[in-house]
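First chain A sits with chain B, and in the next complex the same chain sits with chain C.
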Partner chain A sequence: MSASKTHPVTNVLVVGVGGQGVIMVSKVLALLCQRQGHEVKQSEVHGMAKRGGAVFSHIRFGKKVHSPTIPTGEADILIALEWAESMRWINQLNPETGTFISDTHKIVPPFACRNRSRNQKAVYSKETPKDVLGKVAQGYALDAVGVAAELGNERAANTILLGVMSTVLDFSVDDWLDVIAKFVPPKSIEINKKAFLYGREWVKEATIPEMNGEVEIEKAAELTNELEIIPAWCKGCDICVRMCPEHCLELDAEQKVVNARPDNCTGCRICEWLCPDFAIKLHKVPVNEKQPDAAMVEA
Partner chain B sequence: MSDAAVAEKPESKKRSNIRPLMGNEAIARGVWEAGAKVCAAYPGTPSTEILENIARYPEQDIEVEWASNEKTALDIAMGASFAGVRAFAAMKHVGVNVASDTLMSQSYIGVNGALVMAVADDPGIHSSQNEQDTRMFAKFAGVPILEPVDAQQALDYTRLAFDISEQFDTLVIVRTTTRLSHTRSAVVTGERKEKKPKDFNDEISKNVMIPSHARLRHSHVIAREKAIGDYFDENNMAEWAKGSGKIGIITAGPASTYVHEVIPEASILTLPSSFPLTKGTIKKFMDEVDKVLVVEELEPVIEDQLKIMGYDVAGKEFFSREGEFSPETVRQGLEKSGFLKPRTGKKPIAASPIPRPPVLCAGCPHISSYMALNGINARVAGDIGCYTLAAIEPLKAIDTTVAMGSSIGNAVGMARAGTETRPIVATIGDSTFIHSGIPPLIDAVYSKANITILLLDNHITAMTGGQDHAATGISIRGKHVERINFAELIASLGVKWIREIDSYDMGKLYQTVREATLYKGVSVVISNRPCVLDPTRIRGESLKIKTENCTACQSCMNLGCPALVWDDEMYDGQHKVRIDPVACIGCSMCIQVCPTDSIRPMADFAAKGN
Partner chain C sequence: MNMEPHISAEEFDIRQFMRLDLFPHFLCPGCGHGMALRALMWALWEQNISMDKLAVVCGIGCSGRLGAYIDSNTFHTTHGRPLAYATGLALARPDLHVVVITGDGDCLAIGGNHLIHACRRNVNMTCLMLNNEVYGMTGGQVSPTTSPTRYTTTTPYGNAEPVFDACKLAEAAGAGFVGREVTMQVPTLKDLIKQAFDYDGFSFVEIISDCTEIFGRKNQLGESAEMIMSQKASTRPDSYGTRVDEPFRPNSLPTGVLVKTDRLEYRAHQQSLNPKGQK
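Let's turn to the complex of A and B:
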């Protein structure tokens, strides 16, 4: 793929999570294109994105580039440093000719671990490499972070992906290595060179990897939590109110503890264990039964 | 002089003078090349890098410093203009609101040394509280606004703005947007042209705005509008790309790039400015095309003016007043208006992405401050900064966020309304407090409001990427300067109850916040810990969870720390928790909230052979 042949402008979208090196990858490519005499526009958004959020960078190069951003569905290459981020941006890829390159590395965001109901899974993209690679014109997925760790430095994962990308762009290996050396610390130039060449070689016999980390969780019985509070024993010391992770408990006007937000209770038992006066009991009740005293079911 | 300014494009276009610059870097370069002497700004995304880049030029060329807020930045620049040198201020769009008191009268006074202001708008609200359009402000104040399309023009227009400022006795705004500010492209640079300082202009009828003087100066403001429009015409500043057909598009700023991308066959007139308009060129353009659309991001500033002038144009019926433009939105508008035929092609590939909003960093000291406020069930008036992220899951600890410095005033009002039964707390960061937190604190003391102020002192302007301010004791060029002591400053305003607490000491912080809210009157708690990212990245030994002791209570997960993730192992239907050793900085907050004492430094596990 080259800016001079079929495409007047080549569009590369680099995506990942804040801190992964999206901007570094795009700067390498931008400098390389500029050295080859292309007009280059590289566009990103700073600020909020940096705090662990989704980060993206558009690189467009060719004879004349107008828009700094890539029109939807016209990215020639999507290069993702994290799997769920590749899923976020895959709609930007040209469905007929685009090349998809993604690390299968997973970064689960704190938001994915929010549901406090029983037996929940962390929220993550459900597509596997197998699902996706069949849909794109050309696609590569590999555990670059894992390979880089084996080579001796996880940080070289991005360079492996650059190596993969280099096989679909018309720039020489020497030019690539020359530019990469400008962006990595002097002591890791060697390992990045190895990583880059690994990526190029890997393409020749690219396989579809299994997604790692897909473990079936061990399911517990479906129960609801009922908190029995004995007002006569409660002296309003406030310990349970302060320690409840979900802020369910409050003191009422008589300074007795009440469960003000029972729906938020996860049944963690911290209040029960910490109450110095044994005034709180947690009952785990099968979903269909309503009477707390009828069912002292322990999970 | 005007002609010279236009002709004065960088002399040689040698390859060595071409370098890739972000829009903001190009503006900074333009300021330096124009011979500016004094520059000030308050950081705000997406404008922050402008002043940071000016500070990279030699100290003997240019005076640069962070100001307390945008108004003081503009006042400082204006003072330098009074004194006869070229001056510059930079801010984000909402910063103009703060500076507007100066701006509206500055417009009447005009300049002695040139005065230029760069304003960065944020269409799409990438990192702001609204998406107001600064072009409306320029029209409101009666000052010209130049709208570069790309980084090259950002440099050229910034240089030119200084010349226009002196020639027409006016402040000039250079308007950028998030997209232009943060897009890097090749720019031909020039050299700095030193300007000889002018003498102080002693005309008080121009410099002192009392009613009799102001009435006279208002005529000047109105007269210069036409003069500057004519200047744009005479210098052919509008870029007219003649198309093949008879359809025409009038546009300005970065929106022009999308138009060129999507409909290159049209006649495209890119205006240098939405105010004042280049009326002569527009007339010629209208004569040559049949149908005209106006494509402008945000408000219909150009469109409205063209309609008042009697032209039959359309714009906002096809293009949204909301959000950032893109090649797609421009294409959709052109399709709706009939300028383009709908595109056919394969549908984009669909997938199921997950939400990944920005979060507070692992070890962020703001986390414990908001945990404490959740603990006392406070009604919290928030402010602008990283800590605004505490408004969303899982902390959900902020009830209101309005504008810079609003927290304290809002809290005073809530207290005086007398309806709130929960303790009222205003939370404000160190930089925001200096920006505009001090006057409302004076109000709080003056009106004896029963509120608590939690000053989140992380020793830096964190949200914008780590800029120093008066209370860090370090200048923009990294020199040590006098440092403001918050406790002394606040005491001097008449606050009697002040405590300073280490943010990481969660028990003490909780207890102190509780005591503070029980105090009748204004109480201030300074929650003190440096930001983990800036000015230096703080890293300690990673922590580890003893999985067999974890009861999956989720106490630590409720910190919202990105280093904590669910383990695959379950306990009674809930996930146990695991710490990502790469992300963890060892701050100890999770240790402090763990009821089963299952979290320890990594080294403890090694020592016990676990």
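Let's turn to the complex of A and C:
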């Protein structure tokens, strides 16, 4: 299928997380279209890389392009470099003719885990490729980061997705490779070429990857935090009480600090560092050892 | 004395370096000097410096008292003269790591002369100047670093004198390493002190501390928590670029490593002049 034959203007939306190469992908496409004699307009949100935020880039090309931004539901191709980002932007895709291309790689943002207690699950997109690919006109999903890592460099994942996209657009392989070589670092031209060709080949026998909706997070060590407070040294200066980000500490009637909400303690050590009297010491205690202690106190 | 207990210890615990029989220490509630002492001991622990190979020289004042709590070779000297004593100690015992803990009045007012000559000579030692803007121990008199219009016991209508910028003074006097940090940033302060240890020559670190009981209360600066937060807000880390951040925080002091230049250390220079090693 060629989008450029059915519409006067072809809309490509590239989305991802800062640092993945969204801008690089859109620049490659924009320059390629320009070289083929199209008028190209591109609009992007960038600079989010430092904060790990969402980055997107609109590319519109055709004989005459008036506006640089794609109206909702009119994107012909959506390329997502990250799975949850693809879900965020999927309603931009044309539901009848749009092509959906996404990496199944997950980048879980820090704020996805809203509960700061131990071993809490992060909130992440529940959709799996199986759910999504049935609903779009044409869809591809693959673990591009995994494949790129096997090829030798994870960062070539975006070039694999470009390879997948190149089968949808009417440009020759040599033109693609020529433009890609212009934008990638000289050392990685070879690996990007391999990645691009892999993407093109993969489309012929495209499969739906298995993915579960759960986010695998590293399990916290089985340690719990215990504050040792020496009341005789505490002078009640209130610094730790005011600075504790979880509001665990309180001053008692004698103006000595007590750990009023020990379950909220995340072990950040701010109270220990800021105590001018060295009255607070944080101990990381294995969970199993702590439980008998608590039982003893109750008894 | 602790014999290198920190090498085997998995986690830093300041109590193993302290003379615990003297605790609780004499500092007022909320005094920033305690945090500065923690940062110093933490840096020593991370540098694997044995307490036997450490010599702490202190002057007079609240800061001078800190040395008494360190379980090491400590030396409580006369007012304003810790740098002079330390210079002699560092030259006589080059195997020791000499750390000078001094205060703003001690270092800049009565000992200002010794500071500029220590900077000029470049003998290998580390000078930590705890700047709390006031003479705390003697009852809250005005010091060379008291901000203008602040009230102290000797300036009941507000301070009319301009502030002494100790870091600029040290730089102008020729110190090869000059740094500044607030006490609230304990890990950052620790890293700065570590860099100061590593520097071969005289290194000067100004630590902005808070005096809540005597200075803060008289000037309505709030409790310790407010004071250390406002100190943090009134400084800017040099990693952001002093020039870039300056328009947004016009009156802020840069922190971090302010000066780092290669200068020949005094002892090395002296030996190069006397190659035969004659005394």
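Heads up, the rule we're going with is that the second predicted complex is superposed on the first by the 204 of 299 C-alpha atoms of A that agree within 3 Å, B and C clash if a C-alpha of one lies under 4 Å from a C-alpha of the other, contacts with A are read in each partner's own complex, and residues count from 1 in each chain.
In the analysis below, a contact is a pair of C-beta atoms (placed from the backbone, for glycine too) under 8 Å apart; a residue touches a chain by one contact, two chains touch by 3 or more.
The structure displayed is predicted, hence computed values, not measured ones.
Peer 1: Quick check for you: in the superposed arrangement, does A:R242 touch first (chain B), second (chain C), both or neither?
Peer 2: both
Peer 1: Look at A:G53 in the shared chain and tell me whether it touches chain B only, chain C only, both, or neither; answer first, second, both or neither.
Peer 2: first
Peer 1: Touching A:G73, do we find chain B (first), chain C (second), both, or neither?
Peer 2: first
Peer 1: Which partner does A:A84 reach: the first (chain B), the second (chain C), both, or neither?
Peer 2: In the superposition, A:A84 touches chain B alone.
Peer 1: Just to be sure I read the superposition right, which of the two partners does A:D277 touch: chain B = first, chain C = second, or both, or neither?
Peer 2: In the superposition, A:D277 touches chain C alone.
Peer 1: Determine, under the contact definition given at the top, whether A:Q42 touches first (chain B), second (chain C), both, or neither.
Peer 2: Only chain B is touched by A:Q42; chain C is not.
Peer 1: Starting from the residues of chain A touching chain B, keep only those that also touch chain C in the other complex, and list them.
Peer 2: Touching chain B in the first complex and chain C in the second, residues 242-243, 273-274 of chain A appear in both lists.
Peer 1: Would you pull the chain C residues touching chain A in the complex into a rising list?
Peer 2: The contact residues of chain C facing chain A are 13-15, 18, 23-25, 27-35, 38, 184, 186-187, 212, 223-225, 228.
Peer 1: Of all residues in chain B, which touch chain A in the complex?
Peer 2: Residues in contact with chain A: 20, 45-46, 126-127, 150, 178-180, 182-186, 254, 257-258, 260-262, 326-328, 331, 345-361, 374-375, 377, 386, 389, 393-394, 463-465, 510, 551-555, 557-558, 560-562, 564-566, 568-570, 572-575, 593, 595.
Peer 1: Where on chain A is chain C touching in the complex?
Peer 2: Interface residues on the chain A side: 232-233, 235-239, 242-243, 273-279, 281.
Peer 1: State the interface residues of chain A toward chain B in the complex, per the touch definition above.
Peer 2: It is residues 17-18, 30-31, 34, 39-54, 65-73, 84-85, 87-88, 90-93, 95-96, 108-114, 116, 118-120, 122-127, 132, 135-136, 215, 217-221, 223, 242-243, 245-247, 250, 266-270, 273-274, 299 of chain A that touch chain B.
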